[in-house]
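Supplied in C-alpha cells, the structure appears directly below.
Note that the chains are named A, B, C, D and E in the order they appear, and that numbering of residues resets to 1 at the start of each chain.
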Amino acid sequence: MQRIGVFVCHCGSNIAATVDVKKVVEMAAREPSVVHAEDYPYMCSEAGQAKIAQAVAEKGLTGIVVCSCSPRMHEATFRKAAERAGINPFMVEIANIREHCSWIHKNIEEGTEKAIILARAAIAKVNLNAPLFPGESRVTKRALVIGGGIAGIQSALDIADAGYEVDIVEKTPSIGGRMAQLDKTFPTLDCSACILTPKMVEAAAHEKIRIYTYSEVEKISGFVGDFTVDIRKKARSIDATKCTGCGVCQEKCHSKKSLSEFNRGLGTRSAIYTPFAQAIPNVPVIDREACIKFKTGKCGVCAKVCAAGAIDYEQKDEIITEKYGAIVVATGFDTIKLDKYDEYAYNQSKDVITSLELERVMNAAGPTKGHLERLSDGKHPEHIVFVQCVGSRCSDERGKPYCSKICCMYTAKHAMLIRDKYPDVKVTVFYIDVRTPGKNFDEFYRRAVEEYGVNYIKGQVGKVAPQPDGSLLVQASDLLDNKQIKLKADMVVLATAIEPDPSVRPLATMLTASIDTNNFLTEAHPKLRPVESPTAGIFLSGVCQGPKDIPETVAQAGAAAVKAIGLLAKDKLTTNPCTAKADELLCNGCSTCANVCPYGAISYETKLINDHGIREDRRVAVVNNALCQGCGACTVACPSGAMDLQGFSNRQIIAEVDAICR
Amino acid sequence: MPVNEKTGEFTPKIVAFCCNWCSYAGADLAGSSRLAYPAEVKIIRVPCSCRVNPMFILRAFEKGADGVIICGCHPGDCHYSTGNYYARRRMTLLFSMLDYLGVESGRTRVEWVSAAEGVKFSTTMNEFAAKIHELGPNVRLEDLRCKNN
Amino acid sequence: MAMMKITREAMPALYARIAAEQSLILPVKTAGQTNFAAWEEGADVDLYTLKTVKSAKDAFFPQSENLYTCKTEDKKITVTPEKLTDEHFVLFGIKACDLRGIEVLDKVFLSEPIDTFYAARRAHGTVVALACAAPSESCFCHAFGIDPTAPAGADVVIWPVGDSFMWQAQTEKGEALTVLAGDLLTAAAAEDETALENARTFTKNIMTKLPYADLSLEGWGAGKTDEKFNSPVWDTLYKSCLACGTCTFVCPTCQCYDIKDYTTGNGVQRFRCWDSCMYSDFTMMAHGNNRTSQMQRFRQRFMHKLVYFPTNNDGMFSCVGCGRCVDKCPASLNIVKVIRAFEKAEKGETK
Amino acid sequence: MSNVSKTERQAAMIREISGANPAKCMKCGKCSATCPAFDEMDIKPHQFVSYVQDGNIEALAASKSLWKCLSCFACIERCPRNVKPAKLIDAARQIVEREKGGDYLSPDEIPALLDPELPQQLLVSAFRRYRR
Amino acid sequence: MQEQLINRAKELLADGTVVRVLGWRRGDMDYNPEVAYFNSADELNDFVYNGFCGANLSKYMIEASKLEGRTLVFLKPCDTYSFNQLLTEHRVDRDKAYIIGVGCRGKLDIEKIKAQGITGITGITGTPDAVKVSTIYGDFDIACKDIRLERCHVCKGKEHRVYDELIGESADTRDADRMAGVEAIEAMSPEEKFAFFRAELSKCIRCNACRNVCPACSCRKCVFDSTKFDSAQKANTTSFEEKMFHIIRAFHVAGRCTDCGECSRVCPQGIPLHLFNRKFIKDINELYGDYQAGESADQRAPLVSYTFEDAEPGIVSERGSK
C-alpha cells in the first residue's frame, strides 16, 4: 500500500471560504492509505512546498495528494516539489477543490462534502499510481521548410543564421512565392521585388541552406526531433550544374504559347522557362506538357542552342530521403476560383480581373509592361471600379466565411498608385467595411481618399454587366445615400478572397497536423502557441495558418524559426511518460489500436512470448513512446484491455469512479 | 437511493468525464467565472474524450451513479486531432444500446465544451443535473451489491 | 409410507400452501426456458419439461453466493460473515438423476472439512422428487444404476399418472410436508397404484430403446488413472472443445468453485461462484496454470468424473447420466462421446 | 404591451416562415445593389432586414415595397450571408394576408381558374403565400 | 455433396496441398456432428456434411494457423465473412488455409425440433426441403423452413467471400427481415425493454459459450477473465446481473461482428444474443452507412473510422424511446 500524504490548501480564502479545510484534512486522514494530512494557507508558496518535503522526510510518503487549485495551474509546481523531496513526480495527484468546488458552491456544507469526495478520488488514484520516467529521444539538427515564399525564406534564413542546416522545398521552379508577383507593397509603396530579391539571394547563397525547387514532399514519417522525409525532385530536364542561366533556350524555344503561371495566366511563356527574371535558381525547367520534343519527339532546339549542354531530356524524378528535427510549414495561399460568381462577369470579360492580376498588370515585367490598360482592347481606362470582399465573409458555399484581411489595404494601395500615375483615371471603391488595423494603415487609407481623391462608396456591387460598347455596367448600392447606383466602368478589379494553397491538405495528412474547416493549419493554442502545430515539431509560418500581410508573415516566420531553433538547440528531448503501453500477454495483434492512433505510434512485432509457461510466437503491439502523445484512443479500441495508458490507467480511472460513486 | 439527510431530497451522483484540454479547462473557467452548478457533479480528468471506456460508464452506474456525462473538445478541435470523433461514435452506439435496454436516455450525455466555454459548461451541468433530478435514482443499471455496502 | 394422490388442478393450491410457510423452489419457465426458481404468485411452473437447463444443484450450492463482507470504515476493517441459512425450504420436482447429483455433492461438501453453507442448506431443505415418465434420447442414467421411475434419496416422491400425481413421503421431513399439504392430498386407491406400476413399466421399457441404452462404463472407475490418462484418444477428442463452461454449469455434479472479491466501494464482498475446469483461468496462480493446454483441461473434466472421483468415493461416478451436456454442448461434445471413443479405440487395439 | 408582443410574435413568424436569420446580415447592401425593383421601393431590401431585426413590422406591413418585390430571388442568389431578403419580404406579405383573414378561393374553385401557361413556380408560390 | 467433399479432401491430403482437414465428424446422434480435424484418408470416412453442420469453422483456424503446414477448411458462405474479419485482424494466416467454399442451403436447429415437443429422437433423415425425425415415440415429418437456424432466415446470401475452390450449390434462404426483432424492441417503452432484457439476461449462467464460439471474440484473454481491468468476474449475485458482460461484449464486437449467429445458436439458455449485435449493426448502418463486417478483408471497421459530420450522441434521445 502507498503511504500517502494529503495537503489541503486554503488558497487564502479562495478555498477556505466555502470549504471547511480542517474537515477535509480530518476526513482525508481517515482513508486507509493516508499517513499524513495537513492544511496550509498557500500550498504553492515556498513554505507550502517545504511542508511536502518535510512530510516526505518524516513520514516516508510514497504518494502525494494536493487539494488545491486546478492541476492546469500548479500540477507542475507540486510535481517538481515532490521530485525535490525525492518522490517520483508522477506520484502526485491534484484534487481540484478550487475551480471545481469552492468557487462555484456557495454553501459550505456542500462545498466541504464535495471537496472530501474529490480528495478521496485523488487518493484512490494515487493508490494505483506508479512511478513514471520520461524517455529520451535524439534531435536531428536540421530543419525542413516547406514552401519557398517570403515566409519560408525568412524562417529558413533565421534558422540558418542560428547555425542550423535548413532545406527549403518549393514546388514551383523558383523560390519567391506570391510576394514575387506583387508590384508594390503597402503602406510604404516600396517595390516588392526590391525588398524580396535580396532575401532570395541571401537564402540561395547561405551555406547552411539547401534549396530544392520544383520539388515536393512525398512522405513524412517519424516524430519530433527525428522526422524522415522523402522529397520528390521533379525532373527539370536541365542539368542545373551545367546551366549558366543565359536564357538563350527560352528565346529559341518554338513553343511559346503556354500561359504564364507567374503572370496569372495573363501572358504567355515558352515551354522551357524560368518563371521570372530574378528566379532563384536561375535554371529553367522544361514543361513537358507543352514541349514539342516531349510531345512529338522532334524539335530539340533548346539542346542545340545550349552552349553548356545542360539540356537533359532523359532526366527522371529523383527521391531524396533526409532526416530533420523540425519542420516549418510555409505553404502560403492562392486566390479562390471565381467560377461561382457569375454576377461579377469575371469569366465573361477580360476587363474584370482579380487584384493579384492587377499586380501583374501594374508591374513593369508584367504582361502590359506596367502600362495600365484594358486587357480586352489595350485602351487606357477612364474609370476603374474596385469591388471589396469578393468571396470573403461569405456564409454560403460560394465563398469563405473569414475576412481575407489584406484586401482593404492592397485596394487602397492600388487605388492610390493608379491615381498617382494616371490622375485622369477615376477610381471608385465599393466596400462593406474598411478594415485598417495596423501601423500606418488607416493613415494610408485616408491618404487614398483625401490626397488621391479615391471615391469610396459603402455598398456592395450586385452586378457587373459587359456592355456592347465594351464598357462594364456596374450596379451597386450606396447604403449611406440609400440609393441604387449604376456606373459605367472600363475595368473592374475584384478583391478576391484568399485560401490556403491546396497542397496543404495532403501535407497535413502526412504531418498528422490538424487543419480547420477552411484548410488553414491549426495552431497548438490560438493565443499562447500561435506558431506551433499541435503535432510536436511542426511549426507554422505565414498564410498557411491564417490570412496575414507581409510584415505579419515575416514576423510569424521569425517566430516559427525561433521555435524550431529552440527545438534544434536541444540534444535530446524528454518524452511525456504518460503514454500507452501494451501488455504483451494480453495483446491479440489485431491492429485495431493502430487504426485509431493519430500519431502512427503503434507498430507490430512478432515476438516469442512466454505466457505463464506457454511459449509461442505472437504478433504484438509496440508503442513508440516518442510518438505517443497519450490520448488513450487505443486503450478503448483494444477489446482485450491489453493497451493501457500510463498515468490514466483503466484501474486508476475506475478507482476514481468508485470513489466518487461510493 | 442517495438522499440528503436534512432535506430528504434525492441528491443524485453525477460523474463528468472531462478531457484535459478543452472541457476540464472549460470547467476551470466556469470556476474562475464563479458560474455555479450543482455540487452533485464530480469531474474526472481524462486526457481526451476518447479515453472514456464504455466500461467506465457502466461501472459508474453499477456503483450507484445516477448520471454520466462526457465532455470533450468540439469536433475538429481535439488536441489529439481525432480523439473526439472516435468518442462520438463510441458514445452514440453505447447510448443507443442503453436506450435499447430500457435505460432512460437522459442519464447519459455527451457535450462538447471548449476551454473558452465556461458558461456552456455551467449551463450544461445545470441542465444535466436537473434532468437527473427529474429522472430520479438510477435503478436499472445499479448493482445491488453496492447498495448499503 | 402411505401412497397419496393429488390432482394436477390442485397443484397451484399446493404451491401456495407451501410457499406461505417456507420458500418453494421448483421448475419455472422464464423467457422460454425452464429452470429451478423460487415460486411466486403467477410463476409459470413447468413440471413437463424433462430437464431444466441447469440442474437443481443451485438449491444447495448456488452458482454464486457471498461468504463474507469486509467493510472499511476509516482505517478499520470489519468482517461480517454471511449468515448461514436458517430458513426451511422445499425443493420440488427434482428428477432422479439430479437427486443422485446431490448425493455426489454431499460426498464432497459434507465430508470433513464440512462446507457449512452447503450443510445448512441441506439441513433446511425438504426434497420432493418427480419420477420421470418420458425420457429423452440423451438420457443414460441407467448406466449409473439410477431408476428414473423410483428416485432415491428424496423426502417425498411424486409420480405423474394421468391427471394426477401419486405422492409418497419417504422420510420424516416428507411426512411433515404431507401434513402441510393436508386436504389437497387424498389416499390413493388400488387402481391408482396399478396405474402407477403400469406407467413405471412403460417408462422402463422406453429406457431400453434409448440410443444410449447400451452404454457401458467398462474400463472406467476407481484406479483406472494410468490406463486412461496417457491415452492418445484425448488428443483428437478435445479439438473441438470451445473451452466454455456450458457442460460444467448445466452438470448436476460439477462442484468446483472460485472465490472472488467484488469491490463495492466501501469494502469487499467475498463470494464464491461456480468455476469450470474447462476455463483457461481455472486454478490460475501467480506462476500460471498447472494445466496449460485445453487437452489437459478437457481430460481433467472426464477423468475426474469417471476415474478420480470413483477412486476417492468408493467407486461412485460423478456423472449421473442426465444428458444435459449432450443436449447443451455448443460443440456437440459430451461425456458419452468420450466413453465411446475410448471404447472404440480399445476395441481397435484388442482386435 | 399587447402591441409589443404582437410585434415580437410577427417578427418571430417572419423568421419562421422565411427560414432566414436577419442577424446574419453584415449590411453589405448587395441585395439592394441587385434588386431590379429597387427604385420603386420605399423601404429598400437591405432595410427590410433591419426592419425585421428591429421588430418594426408595422412599418414594413404598411410599406409599398411589400407589393413591389418581384420575387425574382436575385437577392437570395447573391447574398453572401444567406439572409434571403426576398424570403423575408414574402413572409411579411403572408403575415399581412393572414391578418386580413379568409381565403380568397376555396380549393374547388382553383382548377377552373388555372391558366395552363401559368408558370408552376408562381402557382406554388401563390399557394404558399395565400394558404392559411 | 458429402462424398464430393470427402473425395476432394482425400485428394488434397494425398497430393500434399494440405496436411490436415478441418471439418465435421459424424456424431453419436444424427443431429450432433462435431468439429474435428482429419489427418488421414481413413479418418475422413467419419466426415459428415449435413443440415446440422451449422458450426462456423473460421474461429478454429486461429489455432490451425499456429500449426505446421496448411489446413483444409470447409467454409459455408456466411462463415467466410468471419474468416475475412479474422484476416483483417491478423488472427488467421491466409497462407495456412486452403478454403473450400462449401455449398449451403440453410442449416437446421435441433432446438426448434425439440421445441415442437419431439423427444426421444433416434434418427433424422431427409432432403434439403424436409426431414423425417424418427423417435421412440413415433415418426414426424417436418419442413426444413420451419426448423432453420435463426441466421438462415436472414441469410447473407450464397456468395462465398473468400475461398480457394467451391464445391456444391448454395441457396439464399432469407425469408425474414433481419432487423425485425430489433425494431420490435425499439418500439417498446423503456419499461417493456427493461423487462424484456432482464428476463432474458437473468437466465444467463455465464458459461461463456457465446463468447468462446464467437469468431469476433478472439481475444487471447477476455477482459472479463483478466485481473488487469478490475472487470474479472465469473458470475454475479444480483438478478439483472450479466448486463455489463453482454453490453461490453456486444460493444467489443460492434463493427466486427459479421452476424454469424453462433452466439444465439450455442446459448444453453436460448438467450437471443444476436439482438445485441444486430442493434449495433442497425445503428451503424443507419448512422454511418451500410457496413457488413467480413465482406472483404481490407475494410476499415466503423468504430475505427469517423467522418466530420457523424451524428452526435444526442441523436439517441432525439430519436426518442419509441
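Just so we're on the same page, a contact is a pair of C-beta atoms (placed from the backbone, for glycine too) under 8 Å apart; a residue touches a chain by one contact, two chains touch by 3 or more.
Predicted model, so just to flag it, every value in this text is computed and none were measured.
Minimum number of contact steps separating chain B from chain E: 1. Once chain A is excluded, the chains joined through touch sort into B, C, E | D. Steps from chain D to chain E, taking the shortest chain of touch contacts, total 2. Using the mean of the Cα atoms as each chain's centre, the chain most removed from chain E is D.
The chain pair C-E and the chain pair A-D differ in C-beta contact count, and the higher one is C-E.
Averaging Cα coordinates per chain and for the whole protein, the chain whose average falls nearest the overall one is B.
Chain A and chain C have Cα centroids lying 70 Å from one another.
Centre-to-centre spacing of chain C and chain D amounts to 81 Å, using the average Cα coordinate of each chain. Chain A and chain E have CA centres that are 49 Å apart.
If you average the CA atoms of chain B and of chain C, the two centres end up 46 Å from each other.
Looking at chain E, one finds that residues 221, 223, 229-231, 236-237, 303-304 touch two or more other chains. Residue positions of chain B touching 2 or more other chains: 54-55, 59, 63-64, 76, 82, 86, 90, 145-146. Contact between chains, as defined at the top, is found for A-B, A-C, A-D, A-E, B-C, B-E, C-E. On chain C, the positions that touch chain A within their shared complex are 72, 74-75, 263-266, 287-289, 292.
For chain B in complex with chain A, the touching residues are 13, 15, 20, 24-25, 27-28, 30-32, 34-37, 39, 42-48, 50-56, 59-60, 63-65, 76-83, 86, 90, 122, 146. Put simply, chain D touches chain A in their complex at residues 24, 26-35, 38-39, 44, 46-47, 74, 78-82. Within the complex formed with chain C, the chain B residues making contact are 63-64, 145-146, 149. Touching chain D in their complex are the following residues of chain A: 343, 389, 393-396, 398-399, 432, 458-463, 475-479, 482, 484.
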